[in-house]
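Common to both upcoming complexes is subunit A, partnered first by subunit B, then by subunit C.
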Partner chain A sequence: MKKELLEVGYAVPRQDARAKVTGEEKYALDHYPENLLWAGAKRAGVAHGRILEIDFAAAEALPGVFAVLTRKDVPGTNRQGIVHKDQPVLAGERVRHRGDPVALVLAENREVLAQALSLIRVEIEPLPAVFDPEEALKPDAPRIHERGNLLLHAKIEKGKAEEAFSECAVVVVETFEAPCQEHCFLETENGVAWQEPDGKIVMIVSTQAPFRDRFEIAHALGLEAGSIRIISPYLGGAFGGKDGATVQCLLALAALHAQGRPVKMWWEREESFAAGYKRHAARMYYRAGARADGTLHALQCRLYYDSGAYAHLGGEVLELGMEHAGGPYRIPHTDIEGWCVYTNNPIGGAMRGFGVCQVSFAFERVMDLLAAKLGLDPLDFRLKNALQRGDRNCTGVTLVHSTGIVPCLEALKRHALWTGREKWKLSAGPFKKRGAGLAAVFNAMGYGRGLPDSAVAKVEFTPEGRFRIYSGVPDMGQGNATAFLQIAGEILCQDASRLELIQPDTERCLPAGSSSAGRTTYTFGNALIRACREMKAKLCHRAALVLMADEERGFALLPGKVRHLPSGRDVDLDFLARLLPEADRSSVGQTVMPVSQDVPDTGKGFIIGFPHVFFSYAAHLAYVEIDELTGKIEVREYLAVTEGGRVINPQGFEQQVHGAVAQGIGYALMEQVALDQGQILNPNFADYLLPTSLDVPDIVSVSVETVEPTGPFGMKGIGEVGANAPVPAIAGAVEDAIGVRLTRSPFTGGRVLSMLEETP
Partner chain B sequence: MKNVFLPHSLADLWRHWENEPAAAVYAGGTDLFVKMRSGAINPPSLICLERIEELKGAEEKGDFIRIGSCATHAHLLENSLVRKHLPVLVQAIKVLGSPAVRNMGTIGGNLCAASPAGDTLPPLYALDAEVELRRQDDSRRLAVKDFLVGPGQTLIGQGEILAAVWARKADGYNLHHYEKVGQRKALAISVVSLASLVRLSSAGVVENVRLAWGSVGPTIVMCPEAEKALIGKRLTLETLRKAAVYARQAVSPISDLRADAGYRRTLAGNLLLRLLACS
Partner chain C sequence: MVRFVLNGKDMQIDAPPDRRVVDLLREDLGLTGTKEGCGAGECGACTVLVDGETRLSCLMLAVQLEGRQVTTIEGLQRETGAGLHPVQEAFVEYGAVQCGFCTPGMALSAVRIIRRNPDPTRAEIREGLSGNLCRCTGYVKIVEAVEAAAWKMSNKPPEKPAKDAAP
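Right, the complex of A and B next:
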């Protein structure tokens, strides 16, 4: 390997890039152990019903079929789930959405598997179904779960909102709707698992949460978590969709019945659509008021999130939505109420922007509408009300950590794209109209109260004199592995040739939580800093012993050696490596993310995760051009100003911003899981449209580098915040251009044109 | 697993086909493989035409450009004859699929797939193109508009292949325009498309015009009333609006996942107005 400096603060190329591009790096998908069996699920195909009979005699009799499993073959609770355990591994009596698995087939190859699945006959008596969260809350709605259709209901109240509205000079009322969005990771859900002779289950799986997976599988199948080993290679994308069991429980079940043979499960794209998790569709009723001087005064929201058939993280997604419902602003009086509701739709779950993406659409449009009513510049109006350190946010939590929305808005205000927008708007061609739109957003980092956000990092000094970092959190493509190497390289002062990183393996690495919630580099990074510092101190101490130095002072860890600076004498790491016994080769560091110390007396309905205390911020500006003949929106220029503390890797930072904006532009313009009676009408990439490179403009990314003193080298996570702004920024730009107010996304040509025609 | 036969000449093709009459014949496979994967069709074996030299390239034949059916879209984009004489076809191919699809897909395949959304179809209608159909001992020519009879339906017979497309040179027109409205800028199935050929006099008066719409009916839609409304007139907003009324009457769009019928009907007229911006 070429000697390459790994330090914090500059654009180190992704350390996994070469191995991925050459195909050397193995994703979970690339594992084909010898003698493997293929597993596949028979899915219900009915949105809600009672299972009368599953006839699999013909499938079982098919040559090449190893086993057909149904509910009665599932040991344990048969219930998976992260917080709420309500999702059957294999449905036995009821199916609650079309993607529910009712049987699991193990076969010698994929052809036989497909044939066997088609031979299984499932008789399901349909039950009345419900597909809208508000409908599902009505007393006469079909009951989907024993406990009813309400997964979670909560209120966040601060001040006296109802009275405060009478004190407002302007009030706006609007309803917003955002649909289900699919993650569309390249590598669909998959894994391979086998049972060892001692009974242990080993699984190589595309997952964001290897350590938690063990408990989810153990609970569902009645196993010991300690008897499950999860290996989590680099993921080919996830965006939240692999946070929580996808194939895990089915695969473990298959492994239990495979007589030691490895079993592989790999969902086709259509199956990934049908059975995978989605961004929650949401309906949001907003009412907001400001005083004559332009101060925000009161906010009332009623939020309905569609959880689909099961909970997954629906309650927690709603929690985050509610916590961010007021935007990054000071609002003295808030009344935020939310419902996360079961329906017979596909399952809602975690996705980048975790509940925040939806409310961002609403609160940022409301800010524009209030500014217009007050006759204020939308940017100045935001700046005037923007949160600063020491303020209480819309839930009542005092912001004691870095709070950078003001510097984001100020940087945007100075940028040429902001100052030049009016001029740009004037030069639209025939049948074109141009507009500029703004959005200020934020996104919490970490799990919040009630679920310690902790990580344990281990660094090993190998007999070859190299440093091996045992990562406990997967890299799903966001680049945290490179950040970890930079952190280690910075502290240990080593180049790339002496550093290596092991992707999570629950048997070799230490628990470090999930790759999610913008917490991956923050929390694991802090643990890693401690482990590396301890390693550095250890090596200086051991070098002092070798050199018979009187004290440890004056030693420096340098590339390949330890130097005693006062005497100029060196101890080579290679030499030291041969000297150290096994027991003395590793260091461990651990950390827990700080939590809010002033817990407001509200939000009692939340089970975990309320409140958060760290947030990243962003201010975005979109230039759009609308074709008056077609209604089509084209995003022509895009500026994203982001505050995430100090930046460990400017290239990784920019890539995260670009990716988040592209995903947000897709959600704004075209992405929508089209549903009819719980059936996905576009379960493939011909019909579910993602933006292509031609649909996404060059994105200018500006980092406002504040410092988050609790973060590793001053950083905070910024992987999610950028996805929250494109929908409102683009909607705002459209209204600026043609006066059309879009309150439902996506903003398709048809929708825009029909509204244009209605506009006088 | 399926057998795929790759003949290098027409003679090879006929010989093999006789033995496997149920084989599916294809060129780029960009349409066929999608249908096979979805399970919509399951032919016993495949015959691929892409290596038959006689079916490639483009040549000048009097008033026509004869394009081999297995010429890929990417090839046609670069072909000097096509670029010179058939600019409206080039414009359509530029927005067809993606570079990968254009490298694989062929003009013959686009015609035989017979989708009303096929991007080369409206230009070929506007260009009065004909197809050359061949069987072992026979060949015939048919106007494209007669060849295509419905969505996915053509008059191609059993044992017959589409060998070439004869497109009339558009040298007499001085405004060549293709516009496709898709849900995104690439890899998109057209929601509505319009191919326009206009001959404007030096004074800006329409002397001749050909218009053909895609995705607004079972096959490509032409509208002589709209054409008539433009002839002898200047391309003003008012004139185009009048013609647009006829266009909206002529189309019979459906609602599907991509767009509803109302939007398609509106667009069919609106796209005509674009000629104002191109003229």
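Right, the complex of A and C next:
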């Protein structure tokens, strides 16, 4: 249905789609200011070592080279990192992974830059290195950081797991491994920056967290956060990989040495692989038991997440993994222990599903195995144990907010793809085997306790009579900008022609946190609702003054006007716009996401971000067909049922589900950053395979609408949850088809084939 | 000096013959609608139409443009006169755009698919788009958009085509 007004609940096409499809939209990458310099980093190329010498004389002497900078040119602490400041902007003494930058070159053009980088000679004395998190915890392991190799160790204990196992009728023990996954946003990390005559650094950068970036840069380079301005246009994808400093500190450093000239830094694809953040590789030891009546009873797991060389958000990623380790189920006894460990691998970081993707693989496979042992239908077994509002989850937190896994599973159970699966399986062609697999997953929303999840929104009534929303959270492609416009349109009752949105700019917009954690639309949306309501009240009041009405009641803000309903008299917005003084043009709203009030006496070892209290839920079903000759798995049908409260934009909702599922299918079937001694063997799209249009089926997305009363118009974030289910659903489908138990992803044809050959 | 026709306009450009076409377009001519996602011929973000065929501008050199007709995303509207090209319209309407970084390349590949085969099946559309990576959409809505655009361009009744039946 076409609507003139921008309103909540309608499948309004994205407001940015038109500019993107014509090529007009300017991403950070599309800025080429006059007179620019190009900056590039020399990377260590050694996984662990001591820097003996950096000889850049030849590079410096090259015509067209503007400057070569090393550690000694970094004015501040030289340390970046969101929670732990352990990552150097430029490595000075020590390198801890191959992608560590050791020198920064500024050059007149890219050709000279490339040549200069190749002329820098870095002498590094290799140190013993370690590439496996469990190895790195051994007492004799090479020490990567002063404080040792353990970034975070934590424990969640609820009930008495060890004893409870003796009360179980069935117990499953299994080990799972999930590899490092690359975000592969198409726009690689980049930005352009310059220093203004007054000393201010201005940066246009592809980032998820413009407001935090200022503090990162300020801390690393010894600057004042207020002297840094970050502008973040629409991003060409991010998925977590642009949360935290990528080019920011290097670019700011370059700008400090560029004598006012703009500097552009743009990582090539291979550099993005080498230096960018990745989904953590994880090894997960699981033991779970259920009683004879089909109730889950005990869970014990040991999780090892590979943080790579630096912390980034490793501790928080592990924390979320642990918090979700028990799946969306009631389990009275849990004993969950986790270690996030430094190695000399590339750096782990935030990625859609944030630590939950990995444990979902383990837990959902364990659910299938338990169901099989109990002789229960896997869906009924899940339903029987599914969390409901009022239950305590596996960490002991009481679920007081919307909890929709049951309706997800029920909708899946009624769906034709579920009821028709046996029939479909029977019609496989020659040398093909078919199977169906199921997964129930969840994903927390927000930063969690200890890190206020807040946003400030501003809306301005312009002299032209338009409403301008100052967004504080970037749109990395997830469509939050359009959701914001719908929210504003809904409250202000205006059509698209009266609404506009400014992408984040730390000088024009107000701090609203990062675009991440499924919190973007929830938190900023709530703040925006307040700002818009205040604006509406203001305009009604000012219209009352114009009409000399005795009281403010009876006024309605309508498209292009304010109407006094009792008298039918209108005040044009255009007229009102010219009347209002500057000081009276804007409204501001702010909110903080509610946090858990019954912090359990678990989660020992967590620093911030534990526990969470809002979750979105999903139940997925995968149909796969396996070629017995090649082992190749094809996903033929895919159903994703999602619960995320009320849906603000059904089209945007589906887009998020489709994208998350596609990334999950990639993680299941083909994606793995292949590492050898910390070196990436497949740092390009020829060798690191991504799903193409031939690999992803027509995903069916079903939304189970509940309501989350604390959310803007009842919504919760659903951008991440869909990425968690494909790996276990596909693994389950494979086991259903050929009886092979996959415990290590990705499930490549070669791996499946060799397992088929092993099975008698 | 390279002479070619760019989005309907005669061009004479003094570029080094080994200048990559993607740099020529983006940096020298300011046509930043053409994107670069890999620089190695693997993602399709830099797709342009050269004499109506899709070409990867990151693998082409300026000299190879001599005497050719080049269409970038910025020139697609011109082809239909005013307003968006039906492919662009369908991309907007059917939600085929998320981050939008693959979009220009995808749209140009879609134009070529429909030119070659005005009534493509979903399988043929998937085949035709398989050289263009998209990390955001899972391709579902892109395929739908291309199907809808083909339908519209063939002047068939203005209704949404039915999806292929599930197997």
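Details
Note that in this section the second predicted complex is superposed on the first by the 756 of 760 C-alpha atoms of A that agree within 3 Å, B and C clash if a C-alpha of one lies under 4 Å from a C-alpha of the other, contacts with A are read in each partner's own complex, and residues count from 1 in each chain.
The rule is simple: a residue touches a chain if its C-beta (ideal position, glycine included) is under 8 Å from a C-beta of that chain, and two chains touch if they have at least 3 such contacts.
A quick note: this is a predicted structure, and the numbers were derived from the prediction, not measured.
Taking subunit A as the reference, the larger set of touched residues comes from C, when subunit B and subunit C are compared. Within the superposed three-chain model, A:Thr22 lies in touch with subunit C and out of touch with subunit B [touch as defined at top].
Looking at the shared chain after the overlay, A:Thr692 reaches both subunit B and subunit C. After overlaying the two complexes on the shared chain, residue contacts for A:Thr630 are found with subunit B alone; subunit C is out of touch. Once the two complexes are overlaid on the shared chain, A:Leu573 sits clear of subunit B and of subunit C alike. By the touch criterion defined above, A:Gly749 reaches subunit B but does not reach subunit C.
In the superposed model, A:Leu681 makes contact with subunit B only, not with subunit C. Once the two complexes are laid over each other on the shared chain, residue contacts for A:Phe431 go to subunit B alone; subunit C is not touched. After overlaying the two complexes on the shared chain, residue contacts for A:Ala440 are found with neither subunit B nor subunit C. Legend: residue contacts after superposition of the two complexes on their common chain; A:Gln663 is shown touching subunit C, with no touch to subunit B.
Overlaid on A, the two complexes show subunit B and subunit C touching the same residues of subunit A, namely 686, 691-694.
In the complex of the two chains, the subunit C residues touching subunit A come out as 26-27, 30-40, 42-43, 45, 72-74, 76-77, 84, 88, 91-93, 95, 97-104, 107, 122, 125-127, 129-143, 163-164, 166-167. Contacts from subunit B toward subunit A in the complex involve residues 34, 98, 181, 183-189, 191, 257, 259-260, 262-263, 266-267, 270-271, 273-274, 276-277. Those residues of subunit A lying in contact with subunit C across their complex are 11, 13-14, 16-18, 20-27, 29-30, 32, 183-188, 234-239, 268-269, 417, 424, 427, 476-479, 636-637, 651-652, 654-655, 658-659, 661-663, 665, 684-686, 690-694, 696, 698-699. Listing the residues of subunit A that touch subunit B in their complex gives 429-431, 629-632, 669-670, 674, 681-682, 686-687, 689, 691-695, 748-750, 753-754, 757.
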